[in-house]
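For reference, the structure is listed below as structure tokens.
So that you can tell them apart, the chains are marked A, B and C in the order they are listed, and the count of residues begins at 1 in each.
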Amino acid sequence: MKKTPLLVILALLLILPLVVEDVNFQHVMLMMLIFAGLGEAWNIITGFAGQTSFGHAAFFGIGAYTSTVLFYKFNVSPWIGMILGALFAGIVAFLVSYPCFRLKGHYFAIATLAVAEIIKQLFVSWDYVEGATGISIPVVPDSFWAMQFHRSKIPYVLIAYGLFVFVLFVAVAIERNKMGYYLKAIRESHEAAEALGINTARYKLLAMIVSSMLTALFGTLYAQYILYIDPFMVFGLDVSMKIVLLTVLGGLGSVYGPIIGAAILIPLSEYTRTLLGGTGKGIDLMIYGILIVIVVVFEPRGILGLLRKRSRRRLNYGKSNA
Amino acid sequence: MSMLAQLVVTGVLVGSVYSLVAVGLTLVWGLMDIINFAHGDFMMISMYTVFWLYALLKWDPLVSLPIAAFVAGMIGLLTYKLVIKRVLNAPGLMALLATFGLSLFIRNLAQFLWSPNYRFVGESILSGKRLIISDVIVGLPQLVAALGSIGMTLAVALFIKKTKFGKAIQATAQSREIAELMGVDTEKVYMFTFALSGICVGVAGTLLSGIFPVYPESGAMYGLLAFVIVALGGFGNIWGAFYAGIMIGLAETIGGFYLGTQFKYAIAFLIYLLVLQFRPKGLFGW
Amino acid sequence: MARVMLEVQKITMKFGNLVANDNVSFSVNEGEIVSLIGPNGAGKTTLFNCISGFYKPFSGKVFFEGKDITGKPPHQITMMGLTRTFQIVKPLKDMTVRDNVLTGAFLRSSSKKEAERIADEVLELTHLWEKRNMLAGSLTTADKKRLEIARVLATRPKMIMLDEAMAGLNQSEIKEAMELCIKLNRAGITLLIVEHIMEAIMPISHRVIVLSAGKKIAEGEPAEVTNNEEVIKAYLGERYYAKSKKLDHGL
């Protein structure tokens, strides 16, 4: 894999929100970075290891709730909450992985969905964390310690960028080394992987834990940015599916996939919402939905598939000329 | 004791309708390995069909049944023709992505056209009537919904098992290539199965419209539970979906009563996780 | 007397009422090429699965280099130096040929540089070097079979079990496969081969074991086995029997 395109993308993602002063644009960039990061994290377990998770909202929610509850009840810095949230998410991933990984294919996917829904229901009825009402995070003056910035979105963007780069770095490091090869072998054939001496159970578990911990980091940031969370918002199937969709749309199993997918889907959803969402009639989501269908119908290999096909064609063309 | 009897009866009634929704989903899933996220929304459309026929023409839901089923069936057919057909050979989760977009579209189209408000089919031949057998009370609309669902499930199962076209569906599910070699028009099989899936969920929607409010999200929870039920029963297995539906209905009703109704869906999901520990390919999977 | 590498003791495997392996015992010595033959449904692949850890046998024991490996997970058995290929090839389709082999090579070295060195060595040895950048899914059957071998070779095994590595190949491809087997054996790797193509394995095998209906019915040097009446009746059938007679005449 060549490094240049990735570095160009990274530079653009940093420079764009800094030079464009439009607040709306900065918001879109922020959401893009968050969801691209979530896609990268999800890609580790599903794109690399081939284990489809429909339940990553569980880890996102755990990240959001851990930091929020700690800050709201005990005045603990969200930065510490972020790390603890990641740890909790990792522990939960460890606990649910054992029963889930006994299942294969769709049975596994539905199991992850079930786990996320169960966790959501538990939070809805858990009074200590305000149940279905949700928690409004107490607003404090701008502070790095409290991860709250009201005068400008730039600090949020920078944090999101930092997290995204970190997750991307982890994903690339995994992909290029032994673990990446092992996860992809598991995706292609469990039996072949075992015959090659790969402890499939252990590597899947490891991938799940890493993926869940990275996912939780963004939960904290999201909560601190929106300053309000409830179980439906952070644990909902919508969140899980959004992560799935943008990664699949961009290109499953490639580190570019989530970036491309987020760069298309997030502006689409955010701008249709700001332009058309005010009517409360659902036009924004209607258009968003039909656009997804159109993109898929006309480009069923995903955007990355399209790009690859193009470049391969050019290559062939060059060859026949030579 | 009578409380438990009441719960069991209610659970079976609820579960029968779940079964029919799941049967529709499992047909498509078993045949094409496609997760149709818009399945619950097909149901919602059939509920609106019943509602509008009632509101504008004063038709009874039972009279509207064929029309609502037809509408849902046509939506299924169109979904196949316009969307699914083009993504059948696409990698992994692309078809899922398409049906998710479709679901968003249908749901918000309904909201756009008919607002998010709850609507009710106020009166029907059945409404308000009930049977009392010793201590157990059975609402007639619920009973008819359950019996109708069981009847429809039976009809679908017989159709698949006995008719020539049903056998073509089975053959195609085993292997598309081989079915084609045997002279099966698999394109037609796919299209028809999608339509049949829509009809199942359309019938279920009609039977529910006298019991539940009609609004853009009315199909959402049913669609989600149907995923779990289909997997619990074993993908593509009609009777598996049937028994799993009843099981989830019972678990939800009995569990909800003793542990609090807020947990009723969580219990359904928990049942799935527990059962699959012992049967990793569903109750009737192999 | 050579050291015993693999020892199979009274393996029985049942699926419901079907007895796929019935009290099968045999052993393979270090440096040997042993063939396991038998008609379809004789239980050869099941036996492979029991030895390599994919099935847990109903009863009986498997020892590799004197250590009990019965019921151990396949990856641990591979780690100990006993690995296998599959009758139905399982290429890591969306990965290149080199990445397939590299995945195997990571078993003995976590360093990518070192693993790449092992992989490239194996690619040369198996004549896949020219095709290293192709996607494994796009290879021909013969190359896929060869890749199966290359991939497990990269795990630096002491012993490989080959499950019908020659099925579906043409004459010249079979010859290459035979040469590869001999080459591996000379490099010190013990081989246990399941094969249908008699002409190919009889010449290269040191010993032959015959399974029929789950039972071991004969064991010995290729010449002995091919002349064993029971074997001829149970398995080799009229065609090979006639052919071998004709061959005798010719000589």
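Basically, a contact is a pair of C-beta atoms (placed from the backbone, for glycine too) under 8 Å apart; a residue touches a chain by one contact, two chains touch by 3 or more.
Everything numeric in this text was worked out from a predicted model, so none of it was measured.
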Message: Which chain is most central here if centres come from C-alpha coordinates alone?
response: A
Statement: Heading the list of chain pairs by contact pairs is A-B
Task: If we define chain centres by averaging CA atoms, which chain lands farthest from chain B? Would you check?
output: C
- prompt: How big is the gap, in whole Å, between where the Cα atoms of chain A centre and where those of chain B centre?
  reply: 31
Task: For chain B and chain C, let me know how many angstrom lie between their CA-based centres, rounded off.
output: 49
Task: Return the distance between the CA-based centres of chain A and chain C, expressed in whole Å.
output: 44
- line: The chain A residues in contact with chain C across the complex are 176-178, 181-182, 184-185, 188-189, 191-200, 253
Query: In their complex, what parts of chain B are in touch with chain A?
result: 29, 35, 82-83, 86-87, 89-94, 96-98, 100-109, 111-112, 115-116, 216, 224, 227-228, 231, 235, 260, 262-263, 265-266, 269-270, 272-273, 276-277, 280-282
- line: In the complex, the residues of chain C that touch chain A are 52-54, 73-76, 78-79, 83-86, 90-95, 99, 102-104, 106-107, 110, 112, 115, 151-152, 155
Message: Help me check something: in the complex, which residues belonging to chain A touch chain B?
response: 52, 99-100, 102-104, 106-107, 110-111, 113-115, 117-118, 121-122, 124-125, 237, 241, 244-245, 248-249, 252, 281-286, 288-293, 296-297, 300-302, 305
